[in-house]
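In the two complexes below, chain A is the common chain; its partner is chain B in one and chain C in the other.
And now, the complex of A and B:
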């Protein structure tokens, strides 16, 4: 199953992937070089599922993701940084962009998951996006599941991706 | 919007296939790459578009950018304007059937550069070596057909196909099998015995192939484009490529495959590859000028339309951006162009029931003797168009004034109704709307014309009656391989000419500037990979173009990659759905 991770540059997309798949975190920010996609097999109920998680490879920086990146996604994860208002404001943009580019058949019910990352930063002192505000956005946008994570401290990362996997699985067309 | 950093080893302008191949190769070789395109989407003239975008793109040229005032010199460097002042598309004619809903425009992924790839060709090897194959899925072309005597004739894709083919007489089956065996054995001998500059077509006849068989081999197996131009050496190499490609990914499958979502995904795969290796991507970013070293004219940097200066040690751009370099090149107006005629049709059914990806070859003269050049057609289905509909692409080198004049008759051969204002059946391919017997009749009549036009072949009498009898006796039993009047209808057809700028002589450009050409015809990517490799070699003479990277051993990684691709192909299957 193909999962794509969207969100502004620097919110921690690559770190989340790496923490989830490799249990590794690198404190240095490298404007994504070398991140491609990672695969992880997980058990959901009685099903063994392979998640293929696609990074943006940095092409989001200048709004230059191509349609090929979006195609065939079973779930779309949108990440923001709880310490950065603009990255939260851009959730709308990324969601719209996904729906236009990927053109999924089930526009209304397509599974998104929203992740607010970097909750560990300054012990939460620098947080500007409250959980309440984020949950409200998610509720208004079709009850999108919402997680707050720290890729650095490995908080809630597994739970977020487990939800992603379940949602992706539910999106599998029955007839194909 | 400021681009950081401001210095790169290479700046690539345009996201066509050749450009993207070079960008990916440079990033793989550890070079820093800035890859920009003035368009909203990837691909340039190689892109894929929705139906609405296609109409807009063909009819209105991309807006030419406002000239910004740059002066003649910046920090001691010359300023050479980069401007695309021409639109490659002309004679655009779009026809839509009244009252037919073609479905949402977004459900279409229409290639500006549709192509089939040989299952073995440099592009596929580059995809495997680079890992870019992971970004793409392919599907096999299920069947090739050749248009002969007014009908689609299946091109055998395997030995068992040869035996099963009821349109072949048993003597022809023997002839063809023996011929192919001989070619395979000769290829093993490093072609010594058959290397020759003589025309391939003559050689085929010497081998004892009947005229229809020689035609089949020349146009639908060796994929020759003109009667006399292919030499025996080239022809035998082309046969070798085809035979090696056949059945590579599935027994009994043909020689060709096609990206699942169309050819427009190929440049994007190489762009992603480049991005993964650190290349920076900026769409909607025209470049205004190139900064050149006085004297050598070597590129030292570029200026974006927004006025930002970026230093670089090399520049790659589509040929159409580099005119200003050629204007004062010593060999003057050596700008070479070729002109293609293209058609895109949206149909309501497949050319052949149960098949989706289909290739059709019209040999010269096969469309009522009118087409001087080979016409190729590719049909593809869902997911590049809504389920139940198909896209049919046609292409040939133009000889007539407009694409429609070149292609409308061939379109009329394949489709029952076309909303192109040419509903009157053309003489060559009368549109049969009534019953099958009438169609038989007219086909016989047509054979008669064909037989007179062609030179008599040994063993066959060029008389209408003989030809007709043969047809009824051997070629068209029980409608098995016969197209009756169930041909699909088109609800949309669009004709246009495309002017493709070819490479100028290398010397015409500065030593650190390479050009990329636009897309050619429908068959294969060899010339484009070769051209990208040459461009890359010019800029980075010490680097290898997509070397095999070895996690373990060379053999293993390649096998593994091959395994991956094979697995993908098997799961997808030839039928698409």
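And now, the complex of A and C:
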């Protein structure tokens, strides 16, 4: 199953993926070049599922090849930083970008999951995007599941990805 | 019947049992056998490697229990043996089997279940469940619960106990005392409860289905994935990943082996026929062996699991890849490496050949070796096999030997599944490259010694790809090798991406790809792109790789002769004929720098001829502007008319400094002026509105001069921002007429502090552009020469006069009027010269003297008259004479008026004096002379300024003394 992680540069997409797959976190920030993926096998209900998580670069200049990565996706995770309003405001942009580029057949019902990352930062002192606000956005945009995580402290990461996997499983493949 | 590999091997473990077996329990290397007569036998299990699998009886305790032993279990932590017979549950030490205690109130119990987590024993005694807690060596009864029937089987399920009756299963929770129905047992009335080791699940038999429930009593699997036995099981045992069930099928006894995992293939894995009913040990031994004993024959058998690796390979050989993967996942991590990799590749290749490209690629991607070669091997059309010879496959080569690359529509699908993986390898290679660079920087920064250490630690990081340095030297050379290998790999990957994108529908991604820095093999890339007519992409590739001359030449061909290609231009290239192509060239050229000057010149030249607007746009408006040192020669040869306007704009927007380029600009203007001397027309006559005189006057003003020093000339475009560039259209419109350009030349010469007037003067050919010469001479202070030029060459008295005025106004001192004398002397000199010119006629003299008459206040008339020759006709001098006379009369009048005014003033002063001297002295009869102190009376008196009075006589006397 193919999962795409999108979101602004520096919100922690790669960290989330690494924490989930390798249980590792590096505080050093390195911009992702292009796109790469990690695989993890998980058991959902009575199915053994290989989750292939594609991490894309948030920086604009790497996005041109997006369509190559998006095709065949079963779920799309959009990540924002709860300490950064702009990254939250860009959720719309990323959702539209994905729908345009991937052109899934079931545009209306394609599963998205929204993840607010970095809730650990300054013990939550620097948070600017409230959970309420995020949930409201998710509700308006077709009841998208919403999770707040910390890749650094490994808070809620497994739960978020488990939900992603379940959503992906419920989705029909984009093509075929 | 069974389709898979052998999961178990059937072995005889003992064929001379003395007792009728009731229950079996493997514990460590022992097998405990409880018999119907109450005796307990202890067998030693031979080592796995032992040749003879037969068990050896090590101990047999006859009368271990008074009644038949029904159930055995172990408390592993003590360790101790729990045994159940009709007279209750007993606890014995292990392995000595010394009695510890008997659990009170368990006489007549039918079943028990031990919970190691809670140290609680649940015992079914008739129609109730008793719960005992183990404290030290004693069981304390905690609670009892009544149940509807006699439990036949028991099993812990979280906090509760699942009890199986003849007809149903219930869940009894000792903490809450609640009883909950689960489901019925079915017609078979054979309840069975089997704990699944390590899964927190209980396997319950319902008819011939095996249902799994979790700790909360809820089903953990969908009904569709329940186990399905051929008949209701008589006994069930679990040996992961399999579950074994004893079934009676058409009065034959069988052991059915099935997969425990929900995701594995359903159906029987293996089936054993056994003679007569059997007793099955519910738990497996340490090596996964399941023991069973015949109820009719006195024999013990063993089902020994075959090695998983072997099973995996067998499954793989049969093409049952998902099952093989499942089994592989059960193998210890350190053993499965090679097997799993091989499995992934074979599965991937299989899926690929089935047309499931996405899943196939996903499997290949799970190979532990991080190499794109695996993928590329499937697409010989994207990477010629010859190019792959430096990249050995991490799996046997023949795996791919019968693979065929799909064609047509299928190929597009396959390639679009491939591309993300190639791109991800590209990302990985790029990341490694960045790390290499960072490491180099670090080494560089830390100096050579520490750098070497860094290299070593870097190697440690690299061990994942099989690099390890024994010494610094080999480490370094291996590092170089691996970098070389990676760069070759990058070429392989990038070239395949390019070819792959050519296969897929054009979304513009290919263009974007080749525009980025890449490592595409130029020869192959060029061939592939040309073959598809994708010349725009090829040009972009040339550009990103710095092959500018080829790239530009290609664009030129696209623009100028698109029909000259063998393969018709496709995609973006098809829209690049004509003007669009010119603009593409312009955009391309705009990205180049000085070092590509030659190629810029080559292409800018034809672009200028083709579309001057585009070319100017390139020179002026592009982000990275070319230096004028490159642009000017191009313009000079191809479009000289734009040279000046180009340079003016460059100067205006501060792109180049006036200091450097004012001289160049002057030369350009000068060249234009010389070329267009005729057109400039009436020389020296300021054209089109702006009078030179007024301009020069404004130039003279200090303020403006100051602003000129700050390098800003009169701006060509009154733009809002200082850096705003004009559009090429505006530029073309702004291209000056020759006379305007000449104006600007003069302006530049007069205002720029960076132009040396003498050099400028020297660069004007003699006999040309006299007014300019005069201006320069004036600037140099050579006034006489300038006046001579005005007089002799330009015949312009106005200009000469203007020059004189400027000189007069800018100088100080008494002699400053001499400049006008100089003017006069020049004309007189001409007249007295060997050949007086014809134009020096009557009217000119009159004009000259009119001029002088206007300046009469500035000049000494006497000097003028003194200089006039006698042969000059009076009527010619008349204007001046008249003016002088008029001036004299005027002066006389003025003096008269002044004199009268002065005398008038004098009178006024006198009157004021008198008025100011007037005073009043009060003389009464009472007042006395201040000298003689007598009364004044009517005598003559004198008044002093201090108002004292005195007799005149006294005064006279006083003054005489």
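Please note the rule applied: the second predicted complex is superposed on the first by the 161 of 176 C-alpha atoms of A that agree within 3 Å, B and C clash if a C-alpha of one lies under 4 Å from a C-alpha of the other, contacts with A are read in each partner's own complex, and residues count from 1 in each chain.
Basically, a residue touches a chain if its C-beta (ideal position, glycine included) is under 8 Å from a C-beta of that chain, and two chains touch if they have at least 3 such contacts.
Keep in mind that what you see is a predicted model, and the values were worked out from it rather than measured.
Novice: Thinking of the overlay built on chain A, is A:85 touched by chain B (first), by chain C (second), by both, or by neither?
Specialist: neither
Novice: Have a look at where A:58 lands relative to chain B and chain C in the superposition and call it first, second, both or neither.
Specialist: Only chain B; A:58 stays clear of chain C.
Novice: Is A:50 touching anything from chain B or chain C once the two structures are fitted on A? First, second, both or neither.
Specialist: second
Novice: Considering only the touch criterion stated at the top, classify A:35 as touching first (chain B), second (chain C), both, or neither.
Specialist: So A:35 meets both chain B and chain C here.
Novice: Could you tell me if A:109 is touching chain B, chain C, both of them or neither one (first, second, both, neither)?
Specialist: Neither partner.
Novice: Look at A:2 in the shared chain and tell me whether it touches chain B only, chain C only, both, or neither; answer first, second, both or neither.
Specialist: second
Novice: After lining up the shared chain so the two structures overlap, which partner does A:26 touch, if you call chain B first and chain C second: first, second, both or neither?
Specialist: neither
Novice: In the superposed view, which residues of chain A touch chain B and also chain C?
Specialist: 33-37, 64, 67-69, 71
Novice: If you look only at chain B, which of its residues touch chain A in the complex?
Specialist: Within the complex, chain B contacts chain A at residues 1, 3, 41-42, 48, 106-107, 134-136, 261, 265, 268-269, 271-272, 275-278, 280-285, 577.
Novice: Would you pull the chain A residues touching chain C in the complex into a rising list?
Specialist: Against chain C, the touching part of chain A is residues 2, 30, 32-37, 39, 41, 43, 45-48, 50, 52, 54, 64-65, 67-69, 71-72.
Novice: In their complex, what parts of chain A are in touch with chain B?
Specialist: Answer in residue numbers: 33-37, 57-59, 61-64, 66-69, 71, 103, 176.
Novice: Within their complex, state which residues of chain C touch chain A.
Specialist: Going by the criterion above, the answer is residues 221-222, 225, 261-263, 325-326, 329, 358, 362, 365-366, 416-417, 419-420, 423-424, 426-428, 430-431, 434, 507-509, 512-513.
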